[in-house]
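In the two complexes that follow, chain A is the common piece, with chain B as its partner first and chain C second.
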Partner chain A sequence: MLDTRYRVEIPGGINLEAQVVGPVPRFFAFAIDLGIRGIIIFVLSLLSIPLGSGGMGGGFFLIFLFVIEWLYPVLFEVFSRGQTPGKKLLKISVIKDDLSPVTLGASMVRNLLRTVDFLPLFYLVGLVTMLSNQRFQRLGDLAAGTLVISVPESAKPAAMQEIMPLAPSTSLLRPEQTSIIEFLQRSNQLSEPRQQELASILEGITHEKGDNGVEQLRRIGAWFLGVR
Partner chain B sequence: MKQQLFETQHQGVWQQIEESLEKPTQGDNSKVLAENYLLLCQHLSIAKERLYDAALVERLNNLVLALYRELYRYRSETRLNIYAFFKRDFPLAIYRHRYFILVALLVLVLPGLVAGLWTYLDEDAVYSVLDGPEVRQIERMYDPEARKIGREREAETDVFMFGFYIKNNISVAFRCFAGGMLIGIGTLLVLFFNGMFMGSIAGHLTRLDYVDTFYPFVVGHGSFELTAIVFSGAAGLRLGYSILNPGHSSRLDSLREAGRDVVPMLYGIVLMLIIAAFLEAFWSSSSSLSIEVKYTVGAILWALVLLYSFSGRRHESG
Partner chain C sequence: MNLDKLQVNACLRSGWQAIDLGFLMARAWWRQIYIASLLPLLPLTLVLLLVFSQSPLWSLLFIWWLKPFWERLPLYIASRMLFDEEPGTWSNMKSLPLKDILPWLLWRRFSVQRAFDNPVTVLEELKGTARRERLRILHGRYTDVALGNQLVCFCFELLVAFGLVVMLDFFTPDTLGIRLYDSFGDLTLSGEWIFTLAGIAAITLVMPFHTMAGFALYLNRRIELEAWDIEISFRNLANRKQRATSHRAGMVSAIVFAGLMTLTMPAAVDAAVEHDHESSRQLIESVLQGQDFGEERTVRKWRFKGWSEADDETIPEWVIDFLEWLELFKDWAEVLSNIAAWVKVLLVLAFAGLLFYLFRRYRGPLSRLGRRQPEKTAPEVLFGLDVTPESLPPDVPARVMALWAEAGYREALSLLYRASLSRLIDKYELAFRASHTEAECAALVRAHGIDSLSEYFWQLTNAWRRLAYGHQLPESETIKGLCDGWTAELSDESQ
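The block that comes next holds the complex of A and B.
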């Protein structure tokens, strides 16, 4: 089964969860970074001409070339929360496999081993490795103990603010809470009769029928979402 | 306890922690972080156990996550202690890689000696390793008449050569390391061919009696450069060996452990090659320094590098 959820238990018995990311967004992120690197190298080569290509300018240019070739991903991953500009645009990020931030050493290892993942052409080894394990890790990730995950967005639906929240009369289990919240979030995609039909199942909680039941349920959902 | 009461009781603490996470922290606050982390874990467990609503659980969960990240970010920063790295971490890593270093050294030096002897004895042998233009270029570089030694065109400045050595040598070392991922074969090939290449150049130039330009040139930076290449080979072999012989752990865990162990070697290799590039560009190439000075300084540099490389054992415990 294809399941991209990755779960880790951290100290304190808390479960952390993340979504690992497959080859496609990673390819696009890499392509964007490649473009950015190309532009930087082009600009630097123009800047270094007045300084003399065999002298100062050429020397600095070669050093920058080295930095951009090998250390561009490392520097961004370590100092920009696991994200190169390309990864930032694709909303993905590099993280250690215990979901703690990526370290300099791990980032070095995963990026130096790109050389092998690239073999024989266009990251073929990397792609095959990625597809043959559940966490989409290429060889560099396996050796460094890193993952690429999607960065969660914590956007709350703004429309909820208009609903008067209502505390439920009894405490509800987590899955029950979740279903009520999902009902609230999806109710405008459902037809009126279907909404009433669903709400009528929960008459025991809302103590109302028909349209009022739907309204009550939405208010309870808002309460579970933290509206006060 | 009703949720509202729980919330009003702890609201202050949560807000305080949220605010403290907003601004970047300074200095050692790991103790406070750890205390907050434990407190929030407890609150989160209570909230889950008592079926408090999803929003509160999510808020606490995010707080715990943020604290966790902060706590471990702090840890990873303290690990980059430069003094401890030079004093202990790097020599210890060298000591722990000693068998891999030995293998890498042999795979570099033996083909080098054979190729060197061969090109020294046989005039045409050098053309089996290098092609004609390459040989002539190298002959020009070490021509005793040259104003600057070790350069193709004498007009190239020291700074240019510094950049050139940085880019080339560190790239070779990185590829040598990465080749270890192919169960060590890539690393062995890089070492073997580099050894053969350097050996045949040395043999050929000795044959031509360019002894007084070639050896004083390479002796200085060679201390850092050759040692660093051997270290990068050792780090690559460590990776390859971890896959071939994982011992009691799984192949994956074994590889990950190797990936952690080689990190100090990688830092060290980069630093050594920067020093080597600096020496090669600004010191070795000078033709105004006397040969005696270059040999003396070269000997001192070799002694320092070797002494340092052998200093790791006392840091090994048990």
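The block that comes next holds the complex of A and C.
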């Protein structure tokens, strides 16, 4: 079964899940960060002009250039929940492969190895290594034991219509309950015939056909949502 | 379309996540996809390269332009792989690349969401108005993501093409004499060939990812619009219920059968699964031998090799360094003769002095910095008694005696008691809390360490408790003694 989901079982038998992020969103995040770094460097170069182009100014400029080029991603990843500004905009973040927050060491390693990923031209090695494993880890990620995941958005509660709840006639497992709730919440996106088709699968539970079956399922969904 | 055989996990994804899924699909089915794309592409490329052998960049342009034509077979194959089906008949595939191809090669060649729209033509086989209507429903909020896919994959093509050229440049020795540019800065023929081949390689390599990402977007939209995930979950649920019913029926017949057996052969029942002490121990041990319990793992890590071999006899390196550093100070006097050095020393001394002053000045606040501030919130009411200083009369003992004389016994003793509590909070800063009982307050006073005070407060507490809860009036002499004690221990004049 193909899926972008990444799962870690922690002691105690609890499964943690995350969605790994591939090259396309990461490309955009990188491009945004590149732009921000470019602006900072431009402003710094303007500021260093009054200090003299040869000695002092040039020296300061080079030091800042070094710091920004090498530490910009590290600082943001360590102190801003694994997110550089570009990653924040794309709602993705860097995390260790046991899904704990990224540490200074790991971030350092993954960003120092950018030089290798950059070879031979603009991240070709990075792209190839990213596509050569299922978790989209580039070389730096593999060395540091990190991966890039998408930050889960907190789900907005759907607006509830006035609906009479109905207790199901039989016991249902949790994923089954969730799918009936989904049916209720997404039914305005589904066409009438499709709703009836879906409801007809569960005739054994609703004991109703057609429109009545749909109505019954929606009422059961409302029950699972806690409407009484 | 048999959703039971769907090879991807159907769930609602954002547009970007759908693109990632598409990349995973391209990864998983790369063999079939590359075969399907190279089948029409390879002969075409050979012919074009032969025709344009003197200016091969033209063949690159043609191959790039004809992308919609040879992207179709991979898409079709992927749609079969998605449901774990056979690729289908050759005749079906043969007609595929030419279906409605003209608009795709002319004005739709510039569509920025080609990969997303492709399945509607190739798989749903819609044309004209029907196609437009269908696309209007499908596009939804995914147009910008589809555009992003197109853009990034184009960048990837450029990056792979130029990366290959640069890599070739890295690894070919100069003596070979291959030059990409002539002395006028124009491409040489060998340069053109290299760029063309690199470009064709890049287009071929990136195409599956681009096409599959678009396909996954289309798929994601259909999962959303047709609730595939809900259908799969509902089907599983219905199956489970059905299985449970048939299982129950089977159980019933088995029990009936066993009952019949018991009637006929009672001895057979005793052979049920039952372990004695020895055999259960063996069973437990065999379970413990299993992989779940007895896993051995080899862990490799780096360790400093010369750690234990450190030689204690030699003088450590840093001591030598330190001594050498001290040597530098031999010609101090010479240095100090310089005025600038004097100024420097003065500045350093002034700075040190400033630091010392600041440290002295803020020593108090600094030392208090890390410590937790004690809670200053004294309670205003203890066991229903108002213990604020404002509520007390100026001369407490006199007021107490007056109340006692008027037979207001409870008022008198309660005034004395709450006056004591109030004083203890104010004067001795005892940390009473509203949750403390009378006895706990007395214990806190004892912990404060003044014996006479704690002795007095204990007497007072007992007298108050007897009166308040036990309704036992103390003697008038006791009250007199307590008032005197109050003056001695707790009034403003005391100690």
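In this section, the second predicted complex is superposed on the first by the 173 of 228 C-alpha atoms of A that agree within 3 Å, B and C clash if a C-alpha of one lies under 4 Å from a C-alpha of the other, contacts with A are read in each partner's own complex, and residues count from 1 in each chain.
By our rule, a contact is a pair of C-beta atoms (placed from the backbone, for glycine too) under 8 Å apart; a residue touches a chain by one contact, two chains touch by 3 or more.
These numbers were taken from a predicted model, which means no experiment stands behind them.
In the superposition on chain A, A:Ile205 makes contact with chain C only, not with chain B. Of the two partner chains placed by the overlay, only chain B lies in contact with A:Leu113; chain C stays clear of it. In the superposition on chain A, A:Ile14 makes contact with chain B only, while chain C stays out of contact range.
In the superposed pair of complexes, A:Leu142 makes contact with chain B only, with no contact to chain C. Once the two complexes are laid over each other on the shared chain, residue contacts for A:Ile63 go to chain B alone; chain C is not touched. Looking at the shared chain after the overlay, A:Val74 reaches neither chain B nor chain C.
Of the two partner chains placed by superposition, only chain C is touched by A:Phe27; chain B is not. In the overlay built on the shared chain, the residue A:Leu172 is in contact with chain B and with chain C. Common to the chain B-facing and chain C-facing surfaces of chain A are residues 172-173, 178.
Contacts from chain A toward chain C in the complex involve residues 1-5, 19-25, 27-28, 90, 120-124, 127, 131, 134, 136, 150, 170, 172-173, 175-176, 178-179, 182-183, 186, 189-190, 194, 198, 201-202, 204-205. Remark: chain B residues 37-38, 41-42, 44-45, 48, 50-51, 53-56, 58-59, 61-62, 64-65, 68-69, 72-73, 76, 79-80, 153, 155-157, 159-164, 166-167, 170-171, 174-175, 177-179, 181-182, 186, 239, 252, 255-256, 258-260, 262-264, 266-267 touch chain A in the complex. Interface residues of chain C facing chain A in the complex, by the touch rule stated above, are 7-9, 13-14, 16-17, 19-21, 23-25, 27-28, 148-149, 152-153, 155-156, 159-160, 162-163, 166-167, 170, 209, 213, 224-227, 229-231, 233-238, 240-242. Interface residues of chain A facing chain B in the complex, by the touch rule stated above, are 10-14, 16, 52, 54-56, 58-63, 65-66, 69-70, 99-101, 103-106, 108-109, 112-116, 119, 139, 142-145, 154, 171-174, 177-178, 181, 223-227.
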